[in-house]
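Naming follows writing order (A, B, C and D), and every chain is counted from residue 1.
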Amino acid sequence: MNPAGVFSSLIPLWAVLVSLAAVPLILLSSRRPNLREFWTLAAGLVKFGLVLSLLPAALRGQTAAADLFEVVPGVRLALRADPLGVFFALVASGLWILTSCYSIGYMRGLKEHKQTRYFAFFAVCLSATMGIAFAANLVTFILFYEILTIATYPLVIHKETPEAVRAGRKYLAFTLSAGVLLIAAAVWTYQITGGDLSFRPGGLLAGTDLAARTAVPLFLLFLGGVGVKSSIMPLHSWLPAAMVAPTPVSALLHAVAVVKAGVFGMIRVTAFVFGPDLLRRFGLDTVLIVITVTTILLGSLLALRQDNLKRRLAYSTISHLSYIILAAALLSGPALVAGLLHLAFHATMKITLFFCAGAIAVSLSRENVSQLNGVGRVMPWTMAAFTIGALGLSGLPPIDGFVSKWYLGAAAVGGSRPWLAGVLVLSGLLNAAYLFPIVQRAFFRRGVGLEGRREASAWMVVPLVLTALLSLALGIYPNIFFDLARRAAAGIFGGF
Amino acid sequence: MPEFLVGHFFYWFVFLLMAIGLFGIVLKRNLIKKVIGMSIFQVAIILFFVASASKWGGTVPVLDPKLGVSDASRYINPLPHCLMLTAIVVSVATSGVAFALIISIWRRYKTLDEPELLARMKNDPD
Amino acid sequence: MIPTNAPALTPLLFLFTGLLIPLAAFKFRRLAYWLALSATAAASAVALSNIFRVLDGRAIHYRFGGWPPPIGIEYVLDPLSAFVTSVINVIALIVLIHARRTVEADLPQGKRVPYYALVMLMMSGFNGIVMTGDFFNLYVFLEICSLALYGLVAVGDRKSPVAAFRYLVLGMIGGCFYLLGVGFLYMSSGSLNMADLKAILLVLGPRPGVIVALAFMLLGFGLKMALFPLHGWLPDAYTYAPTATSSLMAPIGTKIGAYGLIRVLFFVFGLQFITQTVPVATVIAWLSAAAILYGSIQAMAQDEMKRMLAFSSVAQVGYIGLGIGLANAWGLVGALLHVLNHGLMKACLFLVAGNFRMKLGHSRISRLDQEARRRMPWTTAAFTLAALSMIGLPPTVGFFSKWYLAWGSIRNGSWVFLAVILVSSLLNAVYFFRVVERLYLKPADRPPEAEKSGAAARVRSEVGASMLVPTLVLAAALLVVGLLNAFIVKGVLLKILPPGLAGMNP
Amino acid sequence: MTRNEDNPIITLISSMVAPFIMLFGLYVIFHGHYSPGGGFQGGTLLAASIILLRLALGSELGKKQFPSRWGTPLGSLGVLIYFGTGLAALLLGGTFLNYAFLPFSPQASHNRYWGILSIEIGVGLAVMAVLVAIYDDLLEGEPRA
């Protein structure tokens, strides 16, 4: 990504704004649900189209940049669709369309209240996610990061039960504190660099001669800032609590957009703010690796204990997010490629699983694993998709989870830390241990009270089958994502 | 040290007055007495300014044909007096407002005793 | 005419209107409000245009009565005074538009005319304080606006005279301390003109008289701007005053004290004096940090919304004080930006409280619930936005004040202050989300009768346009000013900074 | 204040003294610009004479001479005279209150003379009216003495 590869274009801006523009339309058509959902879907399609139109340039290693205006002296509100950003945007906007369809089925199936608010804030969340993906500097990043924090809150408390309100408070307490730390870190960086906060491949701070007593606290501030959303281990407990949200929210936001925004922020911080050299110099990569390995294993172990299906999936998410951070912490090109692949592939698989959980909740009103006996008989499509997702998360071919885990393992072995491959294998086994029993219950045990129950509506089943097929397809043909990830990694670590 | 004390006698006087005033404002329970304290406090400052203008051998700053205008040092500095004229007006206005407030407090709560007033306010719904 | 008289124009305009109102209202009672409003509008226009007059960095000096300084009274229009007058006049304009209905609701007929006259005198005082270049003249205007404010507070609730009396006592002490400081300064230097004094003080150096003068003046300003721990009068005064008064006082009143501090510390005594010779800047910074924490914690415990906002003002004044106390370029920029930002936020919040009082008859947090939101969706939305800004979330203005203040702290290596700023945004989040959560999530205690009859359940009783529009304008301004803050900072605020301030460059 | 007895000595003496106080007040106002005195002092004397009458004759009779509703408007008027003088100077090309630009006479020094006089008159009027208004307002609503 040399400066020559940067060209000016407003497409990133439109990609951010399109769902924001849909918000007033959604609000205005609150009395006409069909029109309202049309706006959501239209915005989703347009957004996806815009992101797709950025893809060819990104694959060539070029960057579309939209410079707006100065927000803080020396720092402009600027969007840059670099390969990394396009990668994330592609995943989020693509899955938004499917989630929107699913949401329609889910919300109508459960006759949820305040659907307008739900769809409106969902659109805001997507805008913020695009903004995070395309943010060219830390200020823009923080801007959208905080918008995402706030816009997710109404979705978390959507049910308005005391439990939901409590979860909402917890969510805000964690994320707002994180935002504060991130701001502190950004201001400090601003001071160190003398007013420059642009993300730069290889590290914004790489040229500065930081002392350890500056670099380490600064990194910890950043870690606290982006670590909450990416739910690394001591900072994770908001995520299981936030599972009281409607399932599509858990699916897209708490498996893809919000948490991946945290992970994405982590990649930005490690590769674009600090840079590999600096991290290595102060041993910060080791810190990160220790944290993530702990999170991976503990997350999986905790998932074993959960009976609530969504909470189980949440702990699984926690552990899988750390795969990606682990990949970033390995500080090598292949590892980053593997991490990015996992960012995309985990999204497809986890969203499938969440969709399935939601479909079960809608048509059977069941939320606990122990109640799932025999579900496979009445909801074959749903449980088939679930099986694909479960296989993928455990890392079995030909699902896409295998691809990313394979590369990650290879990168770990190729680097100087082969023992990490053992961690990966172990966690794969744990994944299987907490996901396969569900499949087994669903298909091989006799259930009670299932007479007359059917699949959920097509609005829900079609998206979840599609995401499952997508997981399968990407497992067989991951090339586009692979190329894009290579481009992104090449910008940082050079060709390899 | 004695020269310092004697040489700055008007400071001591002013500070004494200020202390008396503050004593009245802070420790007296009756609101009227607080206002009296305020007045003493303000007078102390007015005196401070006026005193700062005086000097030995100076006279009233009104043009005296015998002295003429050439020797300004024979007159005392008129500026602080002018300033204090304004300050007096301010203090009159402040006292006026204070008394008006006291009257309306009295009408509502029938007391000017501060602890009593606070107790009655506490029992008073908004 | 306007360019040459620009510095004196706004104070005189308000003074004139303040005098005209009682005379005009002798015959036409309704005229009072419109006179006040048009004067404020004109003053806002003049003040805004003044900014462009001084952008080249040259101050416009205005000699009262033609007497040259330092003997005569001089008015100075420089970037600082142009900025501050613009802020206070524009906010006053917006609040006054809102005030018409609340004044009608809060005050008996006979008190409305004097009320507007007092508002004009208060504005005259504020503008005069900012424009004058003479310390004693500043005192006079300080007392003019304080006297007007005592009256404006006292016409509120049943308890308001007591609040006003307490305010009067402390305000009087503050004024007297300031005057005493001026006296010491005059005795040491023989001058009352700010520009003149600046030159003299350079020669005089830290003489005891000068230091005592500085201490007394700071004490005076501290009392008037309610800098912790001198804030005792503020919560009661804000709570019991009529809505219109508290929404004028809260965004504007405390800013004047902040202006005074900036003027005296940076433009008269100078950086060297306040940071090295007598490190008062450090004292102010620590007191402000304490104010931020104390105000935020107190605000959490309040049930009455206006009282909560009052304590939040104590905290926000602390932000401004902290920026001043940091005594570097970005701290001061943060303080100045916060003067604007806090003005907008607090005005918006107090207008919201006024709207609630108007329609619900109270502004008690414990009695707010979804019902309030259903009846007043726009007011609630404005509150939410202002709350986000108080917490300091981008892209609202609150975020950017915190940004500059945090930067100023880091520049000085003051990690404690950085921590205070960050912790306080979380505290703000606690006490504002408490309210937001109630408004959106707390089910109405008594389901409205209309709920059962379907369509009627959606009865909205939002306040009228004359109250709603100012509230929403302020809320929108929070976003717009936030996004465009770099223009304000670079275009105006950086030109205000006194020369030689550390860390001019980013 | 609570004893309501017509005391002829007080009534008579204060009725006789009041005009002289008033006269002296006017003297002080009109000589304020070149000898000690001026609007503040003169206005206070005028107010003193009026308040004296109110004290001595009772509010009812005392207000015949100067109704209390005049207080605020007259005060405003007084300050407006002051203000108008300043404004006239401003409008005629000088700065606010720069008497040299007033139109009374072609000679600047005479203009200053007249300018200060008009200021003093305004101030005197304002001080008188406001002091009486303060007195009246504080008494308002008291049980009749």
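Following the convention adopted for this analysis, contacts are C-beta pairs under 8 Å (C-beta built on N, C-alpha and C of every residue); 3 or more make two chains touch, one makes a residue touch a chain.
The model shown is predicted, which means the values in this text are computed figures rather than measured ones.
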Graph separation of subunit B and subunit C (steps between touching chains): 1
C-D compared against B-D, more contacting pairs: C-D
Centre-of-Cα separation between subunit D and subunit C, whole angstrom: 36
Where subunit A and subunit D are represented by their mean Cα positions, the distance between them in whole Å: 79
Separation of mean Cα positions, subunit D and subunit B [Å, integer]: 24
Between subunit A and subunit B, centroid-to-centroid distance (C-alpha), Å: 69
Subunit B, residues touching no fewer than two other chains: 100
Set of subunit C residues in contact with two or more other chains: none
Shared-contact residues (touching 2 or more other chains) in subunit A: none
Those chain pairs that satisfy the touch definition: A-C, B-C, B-D, C-D
List of subunit D residues in touch with subunit B within their complex: 35-36, 40, 131, 134, 137-138, 141
Parts of subunit D lying in touch with subunit C, wherever the complex brings them together: 72-73, 75-77, 79-80, 83, 86-87, 90-91, 94-100
Residues of subunit B defined as touching subunit D within the complex: 60, 62, 85, 89, 92, 96, 99-100, 103, 107
Touching residues (chain side subunit C, partner subunit A) in the complex: 388, 391-395, 399-400, 402-403, 406-407, 410-411, 418, 422-423, 425-426, 429, 433, 437, 440-441, 443, 483-487, 489-490, 494, 505-506
Contacting residues of subunit C [partner subunit D, same complex]: 1, 4-5, 8, 12, 15-16, 19-23, 26, 62-66, 114
